[in-house]
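Structures follow.
What follows is a pair of complexes built around chain A, which joins chain B in one and chain C in the other.
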Partner chain A sequence: MRKLKDNLLKSLIYLSAFITVGILVWILGYVFSNGIGLINWNFISNEYNEKTSYVEVKITNTPLSINQESLNEKAFYNQKVDKPLSDAIYSEKLGIAVMEVEHSLRGKKENQFIVAYIENGSEAGEALDKSGKKIGINLGDVITKIDGEALEGKDLKDLNAIVSGSNESLVKITKPGYGVLTNIVTTLYMIILSLSIAAPIGILAAIYLVEYAKPGKLVNVIRFATESLSGIPSIIFGLFGMAFFVVFLKFNLSLLSGALTISIILLPVIIRSTEEALKSVPDAYREASYGLGATKLQTISKIIIPSAIPGILVAVILSIGRIVGESAALLLTAGTVAKIPESLFASGSTLTVQAYYVAKEEANIQMACAIGIVVIVLIIVLNILAKLISKIFNKANY
Partner chain B sequence: MADKIKFIIKDLDLYYDTFQALKKVNIEIKENKVTAFIGPSGCGKSTLLRCLNRMNDLIDNVKIEGAVTLDEIDIYGDIDVINLRTKVGMVFQKPNPFPMTVYDNIAYGPRCQGIKDKKKLDEIVERSIVQSALWDEVKDRLNKSALGLSGGQQQRLCIARAIAMEPEVILMDEPTSALDPIATAKIEELMETLKKKYTIVIVTHSMQQAARISDDTAFFLSGEVIESGKTIGIFTNPRDKRTEDYITGRFG
Partner chain C sequence: MTNKKNRNIKEEAFRYLFMLSAFVAVVSVFAIAFFVFYRGLKPFVGGDHGYSLFQFLSGTEWRPGKNTFGILYMIIGSIFATFGAILIGVPIGLMTAVFIAELAPPSLTKIVRPAVELLAGIPSVLYGVFGLGVIVNVLKNYSPTAQGQSLIAVIFVLTVMILPTVISISETALRAVPKAYKDGSLALGASKIQTIFKIMIPAAKSGIMAGVVLGIGRAIGETMAVMLVAGNPIAGIPTSLWDKIRPLTTNIALEMGYASGLHQDLLFSTGVVLFVFIMVINLILNSLIRKKIG
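Up next, the complex of A and B:
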């Protein structure tokens, strides 16, 4: 009888563990199997929208350093969506090789001329647009016109002849879109901005709570507030951010509104973990410092904060994870514009918001999953980093 | 020759919140002597020691009545606590070097006083380490973490760190209770040389240690000083029955 009960309990425990792990593996498997097809360097390095511009390339007359055979071998194209239709043809004047490919994007097929090779010494990578901004020609860029002549329908053999400029050549290029660089950059902006607001405030507040505040009502209220704040779902903060930052302060859907909202979400996390870090600094250090005639400020800045740094760093890294993972609050405050924001007041979508957007508005599950993979990898890297840091510092200290 | 008096403690009462930890304490501490506080644990030795450099200020809800004077100046009057602590250094029960290099540990106090000159700091560091009989052991590892030293070395480092401030008094709260006998012997030896320059007050619960190293002794029992005076007198001819019971090991 007893044995039966034991076994029953045991199988329940195993079952629960199995279900948990199983579901996790299943979800990850789903995301990966759907999204992995899109993941390649272009996906990471392309912006979401394709971008066409005229650039001026200095003519360098750089000879090809390899033979045609290895050029064809080395020629760059995206195997998943491009089918080569020609050899790669090299132009000494520009120092690049161009290849015609059949490009298929979600069922649509199109012939394109893409940059398949860039020779060392070519100035193509430094190309500027008319306003002097560096655009640069990169592998995979689509070339539509050279010195006013459209490439379409041309025989590539005399690519050199098309280049009519003598010092400079005006090339119309289209940088392929459909990537997440935009969202990666926006996410980075969001991380930097939110942390530079929340980290100093949170850390100083924690220092106040641990080192200055006399235990009593006020401290209890602050503690209660931070604890409750950390339990509130982020959509509520999003609603507040929308009402206050976006509408009332007229910051609009923007990087700034998003970052301020995220900062409020982060504050409790940062305060709590910094408090823990400060509290774990042994009182013996404080006593030793005061015993040597150090002031409170000296003790805090020279002894306590340095000893608490690993804990604070871990808090910051976990906050970064939180920013990367946040979507509901940002959807309402930073908007969904898939463009790298040019100012604090411009809208921009982070990776997770973009995943929501492409899944919901474009029904593009594949891309959403691909973004999911990028996010998952980012979070895993951040967590490993946090573990590593606390390990390294723990070793250094004891 | 009458010895010069460094501290005079007069009718000192100390309360932790409502608990009275010191009751009408009256003692004098002589300059360039070693004064030992002995007594069973919890009797208020550390509490009194920490009154001498106002470390009790760091604890909330401590109430102090009575007077403590250092060179006839009331240290609970209108004085600069920071300045007091540079004059009255402290060594704790457990060695507590900062998690920094040996050099930075010693230079910490002087740096807090605004000394930045590298040459001067070098000089202070070397002199303090030499004085605390640690030079040969750490001269090659001044720039290594102090936490890598042995317990006894760490404690001597803490003494060096206190000496670096050129204090007049060094307070030691059971400085050898966490150390092995060899390290303890080294520290006792060190105190012998230090007392020529500094006034030393040491809390100890080893009667042998008090007898070996101190000139004067005060015996505490539940917050009261039962008896104080020359160590020889207390150990050979105690006036109070309770002192006798304690030093003969009947309790404590």
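Up next, the complex of A and C:
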């Protein structure tokens, strides 16, 4: 009887652990299997919004260096969303090959002419727009018009005839969007900005708590504050950021408002981990330093901080994970504009905010998952980095 | 002599700099409370452009267009969702903690523990995407309303999200139980499982409770994941697991982008209600921790 009951409970325990791990595997599996199809270099390097512009390509008459067969083999298209409808057709005048594909990324299918190959020595990569800004034609760009003639409905075999200019050809290209470069850059800005605010304050605060403060009311108040901060949900931080930074200080929905709000969220994380790092510095170090006649400040800056650096580094790395994962607070303080912010006062959406936006507003689960892969990989790398540092640190010091 | 004086000034200056930094956290807490409460309570005291506190707290309709703002159904939705998540999540979390702390062979611990850490590190948006893509889709097939976005979808998503919190705090609590308790029980002839359930878990009770309370805090404050799977209706107290709900948090996040005037202030009021919940939870947590130390 007892054995039966024991085994029953034991299997419940194993089952629970299995469920926990199973859910993680399920989530990761779901995100990866749905998103991996979109992951390629274009996804990382494209901006979110597509950009259409007219560019002038110098006509060079570059002969094709490979034969048609190898051209078709080399032809570039994104296999997950594009189905080729024609051979790649090479234009000697432009030095590029164009291919018609059926494109189906946003739920609807449309035929597009994409740049499938660029010959060495072609001037296409150097193409300028009318204002003289270098745009350049890249693989995967969509061509809609050449010298005023729309390609739609045309047979690509006549491509060389469509190029009518003699010195220059005016090509209307659309740089494909649906990439996350914008959001990666915004996320990086956000990391740099909020860490440069929160890290110094958090580290200095931890130094005060460990090295200076004597137990008493003052310390209790500070401890109460940091503990309260870590219990507040991020949507409340968002509300505060909105009321204070966005409205009261008139920073608007911006990088700065977002970074300041995140800095407050990070404070308890950084303070607590730095405190741990400082506490693990043996008292003998301090005593030896004082014994040699060093002042308190000298001891802190020359002895304690250098010994605690790995621990502090781990705190900083873990906070990067926090910044990357944050979304609710940023939604209310930094907005959802998918453009690379041009100044501190411009709005911008980080990766996670963008994942929310595409999942909620565009019902594009595939894209949300693809962004998810980028975020998860980032977080795993950060976690491993933090572990490595603390491992090396533990070996080195004691 | 002057050198020494300079040194002293420098020492003092830095001492104040350190102290000042430590007070940033204190100032932040007060500023957060002040701004959220100030904006959130304004509608209830202001004359003409005000709104009745009673109607706000007891209303079951949220129609900004018609100037009707009631959040009772959101409060109930939030509580139901949190309660459901605790009901499912705590047993699973506690048992997983027992597994890691007591039963697992080292090779399995090496898998389960990083898995829990990774689960804690996944951004909440992705839980929402998973909930929308998997949980909502599966539930759709069983729901009498043929809609997957529902209270039960929220409960499932929140269950997964509180697991890491419950597991890590419970594990710490279990490990803190003095070894003598365990040895004593085993020496008296109790089996390993009996020792765990009769000795270890009762001894670690207050620590485990702290994990549960933290889990409640996480569940009630969760926004982004919940927003994607809750359905967010404009009215109606949930009466079944298949009803859509609109938790307090998502009400704020959904409409803050375009709200203005009274509407915006009342979103802050929603935040105040949430804030009060969190404060109560933190008070309980503090007393639990104090009890553990005492």
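Methods note: the second predicted complex is superposed on the first by the 278 of 398 C-alpha atoms of A that agree within 3 Å, B and C clash if a C-alpha of one lies under 4 Å from a C-alpha of the other, contacts with A are read in each partner's own complex, and residues count from 1 in each chain.
Everything below uses one rule, namely that contacts are C-beta pairs under 8 Å (C-beta built on N, C-alpha and C of every residue); 3 or more make two chains touch, one makes a residue touch a chain.
Predicted model only: the values in this text are computed from it and were never measured.
Contacts of A:Phe32 after superposition: neither chain B nor chain C is touched. Of the two partner chains, neither chain B nor chain C is touched by A:Tyr54.
When the two structures are aligned on the shared chain, A:Tyr178 is found in touch with neither chain B nor chain C. Contacts of A:Thr295 after superposition: both chain B and chain C are touched.
Once chain A of one complex is fitted onto chain A of the other, the partner contacts of A:Ala355 are limited to chain C, with no touch recorded for chain B. Taking chain B and chain C in turn and counting the residues of chain A each one touches, the greater count comes from C.
Once the two complexes are overlaid on the shared chain, A:Glu287 sits against chain B while remaining clear of chain C. Judged by the touch definition given at the top, the superposed model places A:Phe345 against neither chain B nor chain C. For the contact definition in use here, the residues of chain A common to its chain B contact set and its chain C contact set are 295.
Residues of chain B that touch chain A in their complex: 53, 55, 58, 60, 82-83, 85-86, 89-90, 92, 94, 96-99, 108-109, 112-113, 145, 147, 158, 161-162, 165. On the chain C side of its complex with chain A, the touching residues are 7, 10-11, 14-15, 17-19, 21-26, 28-29, 31-32, 35-36, 38-39, 91-96, 98-100, 103-104, 108, 111-112, 115-119, 121-130, 132-134, 160, 163, 167, 191-194, 196-197, 217-218, 220-224, 227-228, 249, 252-253, 256-257, 267-268, 271, 274-275, 278, 281-282, 285-286.
Chain A contributes residues 214-215, 282, 284-295, 298, 302-303, 306-307, 396-398 to its touches with chain B in the complex. Residues of chain A touching chain C in their complex: 2-3, 5-6, 9-10, 12-17, 19-21, 23-24, 26-27, 30-31, 34, 200-202, 204-205, 207-209, 211-213, 221-222, 225-229, 231-240, 242-244, 248, 264, 267-268, 271, 295-297, 321, 324-328, 331-332, 335-336, 352-353, 355-356, 359-360, 365, 368-369, 372, 375-376, 379-380, 383.
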